[in-house]
């Protein structure tokens, strides 16, 4: 199966072996480099935090937690989505300890009852009447930037975030036909990996391993089919074709659902795989959407939240059965996570040397260069 | 309940918002700062280690264990309390692995039978006859200073400890009427917190959170009642009043025990809360004593040993029932430890900024200043 | 039992108390010093990896795993034993995740099917046809030096290993009569210690603790019997005598087996204890061999693999019963590991001070000097 394919010739640009090599081990094993990556990338870029449907009404909230970060994302009284650091301005206490829930119109600290409105303004701070110079207006919750795109909620921890439209880089127009805002989450699985976050994106960004690791996937979608787009500053992506007779990616290759409304005929025969850096992997199938949020926990640990989203009309049907799609990807995910863990384990040994990328691994090289450039830029800047 | 109280007006000195702020996050999250604190504070000051009654006879011992420390506290042949580093002078082996017990008149290392008397003198060191210059007198156990106050045992790891009376700073005279030496331990609970040790003392040093977090405590003792003493170099403390009809702090506010003998009438209506820095919290009720030993384990972990002590005459009575007092404080403790853990969690996030103290949080500010001053002094000194 | 013995006078050279002291605590507690030790010692010297019988045929392999290391040891097509870093030259993935097994004539990476022959040559690297300058010959598996001695397999991670015969330093001739190559493993026990690797060798290198910690061992073999050899650059060792009537070290002191063929009469009355630095402890009894592999995991954690090996003629006998030998050493091992853990715990406290060695602990002093010299030499060299 690894012989050159006549149907899918290798037409991507050649690369030079001395210019296209994996990163040194420290990028996967050094806690200090991990901290620098967080500062240069995760604390500086837009991050997928959840879906608008998770916040059905004013006061609905969920929290986003990863290395050094805890943020409340909520729907305010006006119905807008806003986000705040989950820490009281008095003595720092965590405000919301639950993963999700509903706030009664205000956020009250459990410690001393400092109370904020749903826009983060400090409404009440008991016992501060004899503090000279104290003004409630000076102590709003720490604001975290928020943006929505077609049902996706993104947050940004930077003081001056990149404009969101610039971050999306045209993906909003490209994926408009999928009408993602209409889709509803049906299933969530959370995975805990012993692997650096970059290994997950690298695993996602090439399908050369598919005939070896994912026989079922390769049976339904040829690993050399489709093509990648040229790498962009904020995303990497491509598409693959479904083989003849295959309706979608599910255990039996059948869908049993209508395709998403509005899809062009050719997009009913394709699966799109896009990595919005640094934390969203977006799989668009003819009949459902799969999202992966990547949360770095430590240099060698990443949590992944994987959600399956379907169209409400499909969900409403009596014969709606998402199990085949869920089990297909749960199986495929576990195959990938094991490979990512093995990559981490091997890179962490003394024997590891940076190795050569194939020219079909151009997105991995783009990811590495993205990381190096962000680190270099952050080092050159005075710290924010 | 947080409206200004006419019965308990806020008469403490005003503070300025720019001068009374919580510490930066590193003081709660940085392992290196934790090590500096240990060296400047815990390894340099008197520490509450236990109670004299725990050492009923010559050879009785218990061990004290926290970050980097393991000390044997024992009663020697002459009946005095002494303390030693729990490590053999031969090859460093831990001598007593149990938490408490009775030594047979000597301390014998399980490895090579180096044997010490109960004053730490090396009695026997087998197979050293051909070691030129070896003199048993040169290898006593490492001495740790020891002191007793009214039944309390303190140890001090410094080579030249502060005089103990100076450390007590008058508390011995102040609390003499409680005749603490007579009291007997009835219950011990050990708690494991995911919080920096300072957060526990800060939680202890103000009752502004009581109406929010401790409704039962506030029902029996108004959170604004009583007053604090001005902060001292080695302790912080104050008292609160029991409300009318309340006899003591217990589940139902009743005691069922006579007050401690020797208490002045006004002290039968009060609870005293004193923090002897850095590791003893001392609660004196009309009819019992509660002690908390704080043991720092890591920058974000603290173990707390909480003991309930009663008068032997009360204990001897057929109707003696300490359950109400034990359950009241176990409940209150768990409320406090959860808040301390939430404070740690919030401070450890990127969103934390130092916040303003109330003028009624003056003891917390005093604690912070104590820490900063000890660190500054330790940095200025050549290391001991 | 610790009185000077008339039968076994202390005739070893005297030592001076100021020249023969244990190492400072950092050598047992500092992760950075541990990393320096690994680089200077474990990554630079020959390490016992296993026994030839573990690789019965071409393709048989086992893996060696310790701090920062994962190596595949295997028998190649020509029947020779070879070793490689267990990491793919493409993207670093771990190649063999099992502890042992059989390879089908080649080593294939589970990720992208890069395939190596059993000599580590890269046979196949799919999808690299458009990588300019890529030559499979440039990407063999990382070679790890290998050597065999009488059935023992050693590996060496250094680029230019010390000649193996020089490393053995005459032990091959000395122990030839035991014909260790013929012996077969009958039992393996793996122990996990909370102790630095040096404490295990120190425990092994003196029997002064035997009358205290190992009453059964001392009953069968007097702790002052036998003698040590002068320390060598790569090994430390000595022998002890079996007491009259004792046939071997087993629960009842009986063997039930013939002595190993070829042993001189005096060697049927002795047990030899040799530490091949830094990771093999070799116990040679009249009728069986015991081996300990020491694997440093962290500064305060060591894994020990203990194997019991017997002669095939003894194993073939209907009445073969190794239980007495296995249980004798399992008991003795557990006594030693507890002492090593107690030594680690005591050394890690603030009370520890370097202490004086007995002149009968000369091998421990030799071990310490070996470590210091290797560290000093490594610091003086430009890194390899």
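Think of it as A, B and C in the order they're written, each chain with its own count starting at 1.
Keep this in mind: contacts are C-beta pairs under 8 Å (C-beta built on N, C-alpha and C of every residue); 3 or more make two chains touch, one makes a residue touch a chain.
Worth saying up front: this structure is predicted, and the values here are computed from it rather than measured.
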item	value
Inter-copy rotation, subunit B to subunit C, in degrees (Cα atoms; steps of 5)	120
Classification of the subunit A:subunit C interface as same or different, half of numbers criterion	different
Mean-CA-position distance for subunit C and subunit A (Å)	47
Junction residues of subunit A - those touching two or more other chains	none
Residues on subunit A engaged by subunit B in the complex (per definition of touch)	43, 68-71, 84-95, 97, 110-113, 124, 126-134, 139, 142, 144, 157
Subunit B residues within the subunit A interface of the complex	2, 4, 10, 12-18, 20, 22, 25, 202, 208-209, 212-213, 339, 342-343, 345-353, 355-360
